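Two complexes are shown next, each including chain A; its partner changes from chain B in the first to chain C in the second.
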Partner chain A sequence: MKGQVEIMEYMVFVLLTMFIIAFVLFMIFGFQFLSLGGEQAGEIESRSLFILQSLLSSKTLNSPQYQKGSVLDDAVLTVMTCDDIVDMFGERVYVEVRTFLEKPDCDDPGLSSLERSRCESRIGKLISMENIQCTSEKYPECFVWRYQGCEKQDEMVFRSVPVNVLRKMNSTVAMGVITIGIRGSET
Partner chain B sequence: MKGQTSIAAIVIAVILVIFLMIFLFATTISQQIGSDYRDEYRNLYVTNMLLSLLNTDTECEKFSDMVKDRYFGGAICTEEEIVYKLGSHINDTLKATGNTNYRWLLEVEPKFQGSFITQWGDSSVTDEDGYWDARTFLSSGPYRLEVKLYIIAD
Partner chain C sequence: MLSAFQIFKMLMGVVVFIFVIIFFFRVSNMYVGVEERADDFEILRGFDRSVRQTFTSGNPGTFVNFRFLDSLYYDPPRLKSRNQKTLTVTTFLIASTFESNLIKECEEYEWFSFCWVYAYPQNFTLIFTPLDGDGRKDLIKDIVEVMPGDIRFAHCNDTDLLRGDRNAFLAFVDNGMDDITYTPCTVSIPDGYRLVTITTDESIEPRRNEIVLNPQTGAYIEYLSGLPELVNAPSPIRTGSYEDARDVYFLLTTGKSALDYKNEMFLNDLTIAAKIMEERMKLVKRKMLDLNVQQCVECPTPFPKECGYTNALGDEFTSDLYDAMAGPSGSLRQLNDVISANDDYLTALARTAADYKELIAGGCE
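After this line comes the complex of A and B, so read on.
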């Protein structure tokens, strides 16, 4: 009986030792995985913030006549190329700027059904116009700036913030959004 | 032998607790790193939303002029136009940045006596926790208006 108890205790001891070894290994690898994930997430977040802030405060991109906020110059956005983006921030960076057109209020109770239907069709046209991409040929009747060679890629992390764009065609400031995309691991 | 097993069990338990604490500490730290940057991004987002909105021209007048005209006269846009244009611009921007299902409040607080606070949007936003906010000032002569924007996720 005594011998059996000793064997049982010995087995419990061996099992506990094996368990602790497995647990320690799990903790070490888990810790490494977490710190790597945390560092990588932190790097992506800090880099995307840096790129956004650099673009928003860039003296080249911004119109000098506005002191408060970022008012990007549509002509500069049009002549900018992917090479300029690569020079500033390195490869695998996606940049897109889009502006919105002002839409009429079709829910105005004073509108007749015919006027409402015309209003809704006008909104549809405005929304499709908002997708016209800017090139030197289409400028200034265009509303989205993307750069050939700096396209969207899989596994990119995207960040967007509101921004103003100075539309030189009618000297007005339009509301828009600037979006950047970066890849974390290879940069 | 029985005593040895008990001591070994205690040592194992202590080691387990120590490793567990280290693991929890590391998890908290790694989450904190991400959360600091997220806060910075939110501040940038909401500040830019407010400043961009005020700078934007509309068919009747610039948003910052709409706000000033409410206190100093000379309004061109009607109240209905202001409400519609604010909603349209803010909602378009939120949608384009992937932030759907958000509510917002634009509040104007004059920094001079004998005036009133103006609110556009959902006034219940400030009653809840977790909103993003930004503020700026508009001036007209010696008078100052504090303009605040609050955004909250549903």
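After this line comes the complex of A and C, so read on.
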């Protein structure tokens, strides 16, 4: 009986030792995998920044009036297609540019209730106008550029920055936001 | 006298010991392999990161970690290490596989620009051995002129190797080179050096880090650097032809494949930009006519009919550029075909650049 107990104790001791060894190894590799995941995230971040910078400094997409770049040409944005984006920046890249209209201040205390109501209605119209997507037909009365075939996808990482957009037809520069998204699996 | 339990413990101990040893041996083997590959990958990725930084900022950079790799081969757009780790470089670059200086270079055409990062070896030394051939002095001078500022130069005659900076070397080429009857250089050429043998004798077979140029026919024979399994070529010797000193510049520092890749990417980017630009010009012209918008301050000479409405370059802005780049079937030609067929596309590109400049000057853009 005593012998059996000793054998059992010994077996438990051996198993416990092996379990500890396996656990230590698992922890070492586990940490490596975790750091690999972190590096991948950093790489996606870095790639999205690179695409964004390339886009903003591309001579083709920017207006020649502004030599230092970062003023996108609205006509170029309108004629550009998803195929062009794929050719320039690779597959699974989402690009959206949005410009904003100047809106009146409806909180002005000097406004009467009728004026305020008109003001708010005007803001509503402006907001709905801001969602008009640009095509060759709607240009220049449009404010959003998206590209069919380069839609948002799950697991994309997005980055948005303010951007200037040259409204060619009235030679003004509008304030906008460019958003790009890339898929992690691309890296 | 040993008890049965003691014997069992001994046997169990031996079994567990063997098991643990085998287990550790396997894990460490796997771990070493993974580590080597991870190290290679980390170095390659670091390089890619440096290239991206130089590309986006325009500031020159350096990368010195290639010394930790046993071997490296650039097969555009992939960099391959001995451990067969491959990295596809996200930015177009022309790479050397040595410790490198990184600079951004661009070709500008008013409405289109093409930029790349050029990685050339640090402390790079070009050694010339001009054996024979008319025009060899001019070729050497042209090559020296296009090289970046910090590259050093030398000439080699048999076992004599004399170095100098750019100006001293150019002065020597002008005044002293004719007095020497050169024989082939026999000095050992380490990595970071390139021997340029100039001769009309095309039977000369270059050795490692050597290239043979024929100044009369424009032919070259180069020795491909890198491990055979990475180079993936039946022979390390490759022949071809160069157009000018700029081609030689790429051949000497990065190899022909990088030059071909650059040309291919240039044509690719130009095609996209030309298409976008043409569509954009059509759209702007149509809308300006529709909305009766006039933007030009003065009438640009190339477009008198359009004046008043032009910034529109017209429908034909890039059409001759397209025609020159497209083959008979309308599909895009390979760059080499385009170049060998004619130089129309370069002429057309120069023409569009000049026209565009006029439009900007006229306030139309």
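Criterion: the second predicted complex is superposed on the first by the 163 of 187 C-alpha atoms of A that agree within 3 Å, B and C clash if a C-alpha of one lies under 4 Å from a C-alpha of the other, contacts with A are read in each partner's own complex, and residues count from 1 in each chain.
Criterion: contacts are C-beta pairs under 8 Å (C-beta built on N, C-alpha and C of every residue); 3 or more make two chains touch, one makes a residue touch a chain.
From a predicted model like this one, the values you see are computed outputs, not experimental measurements.
*Asks:* After aligning the two structures on chain A, examine chain B and chain C and state clash or fit.
*Replies:* Pair status: fit.
*Asks:* Taking the superposition on A as described, I'd like to know which of chain B and chain C A:53 touches: first, second, both or neither.
*Replies:* both
*Asks:* Decide which partner touches more residues of chain A, taking chain B and chain C as the two options.
*Replies:* The partner that reaches more residues of chain A in the superposed model: B.
*Asks:* When the two structures are overlaid on chain A, which partner does A:135 contact: first (chain B), second (chain C), both, or neither?
*Replies:* neither
*Asks:* Tell me which partner A:121 touches in the superposition: chain B (first), chain C (second), both or neither.
*Replies:* It touches nothing on chain B or chain C.
*Asks:* Could you say whether A:20 touches chain B, chain C, both of them, or neither, answering first, second, both or neither?
*Replies:* In the superposition, A:20 contacts chain B only.
*Asks:* Going by the contact rule set out at the top, does A:30 touch chain B (first), chain C (second), both, or neither?
*Replies:* In the superposition, A:30 contacts chain B only.
*Asks:* For A:6, is the partner it touches chain B (first), chain C (second), both, or none of the two (neither)?
*Replies:* A:6: touches chain B and chain C.
*Asks:* Just checking: does A:163 make contact with chain B only, chain C only, both, or neither of them? Give me first, second, both or neither.
*Replies:* After superposition on chain A, A:163 lies in contact with chain B alone.
*Asks:* Counting only touches as set out at the top, which of chain B and chain C does A:70 meet: first, second, both, neither?
*Replies:* Touch status of A:70: first partner only.
*Asks:* Quick one: minimum Cα-Cα distance, chain B versus chain C, in the superposed arrangement, integer Å.
*Replies:* 11
*Asks:* Just which bits of chain A does chain B share with chain C as contact spots?
*Replies:* 6, 10, 17, 46, 53
*Asks:* Which of the residues in chain A end up touching chain C in this complex?
*Replies:* The touching residues are 3, 6-7, 10, 14, 17-18, 21, 25, 43, 46-47, 50, 53-54, 57, 59-61, 63-65, 73, 75-76, 78-80, 84, 87-88, 136, 139-140, 168-171.
*Asks:* For the complex, which residues does chain B have touching chain A?
*Replies:* Residue list for chain B touching chain A: 1-2, 4-5, 8-9, 12, 15-16, 19-20, 22-23, 26-27, 29-31, 33-34, 37-38, 40-41, 44-45, 48-49, 51-59, 62, 80-81, 84-85, 88-89, 92-93, 96-98, 136.
*Asks:* Which chain C residues qualify as touching chain A in the complex?
*Replies:* 4-5, 8-9, 12, 16, 20, 23, 27, 45, 49, 52, 55-56, 90-91, 108, 110-113, 268-269, 272-273, 275-277, 279-280, 283-284, 287-288, 291, 293, 295, 311, 356, 360, 365
*Asks:* Write out the stretch or stretches of chain A touching chain B in their complex.
*Replies:* Of all residues in chain A, those touching chain B are 6, 9-10, 12-13, 16-17, 19-20, 23-24, 27, 30-31, 34-35, 37-39, 41-42, 45-46, 48-49, 52-53, 56, 66, 68-71, 98, 100, 102-103, 105, 107-108, 158-164, 172-177, 179.
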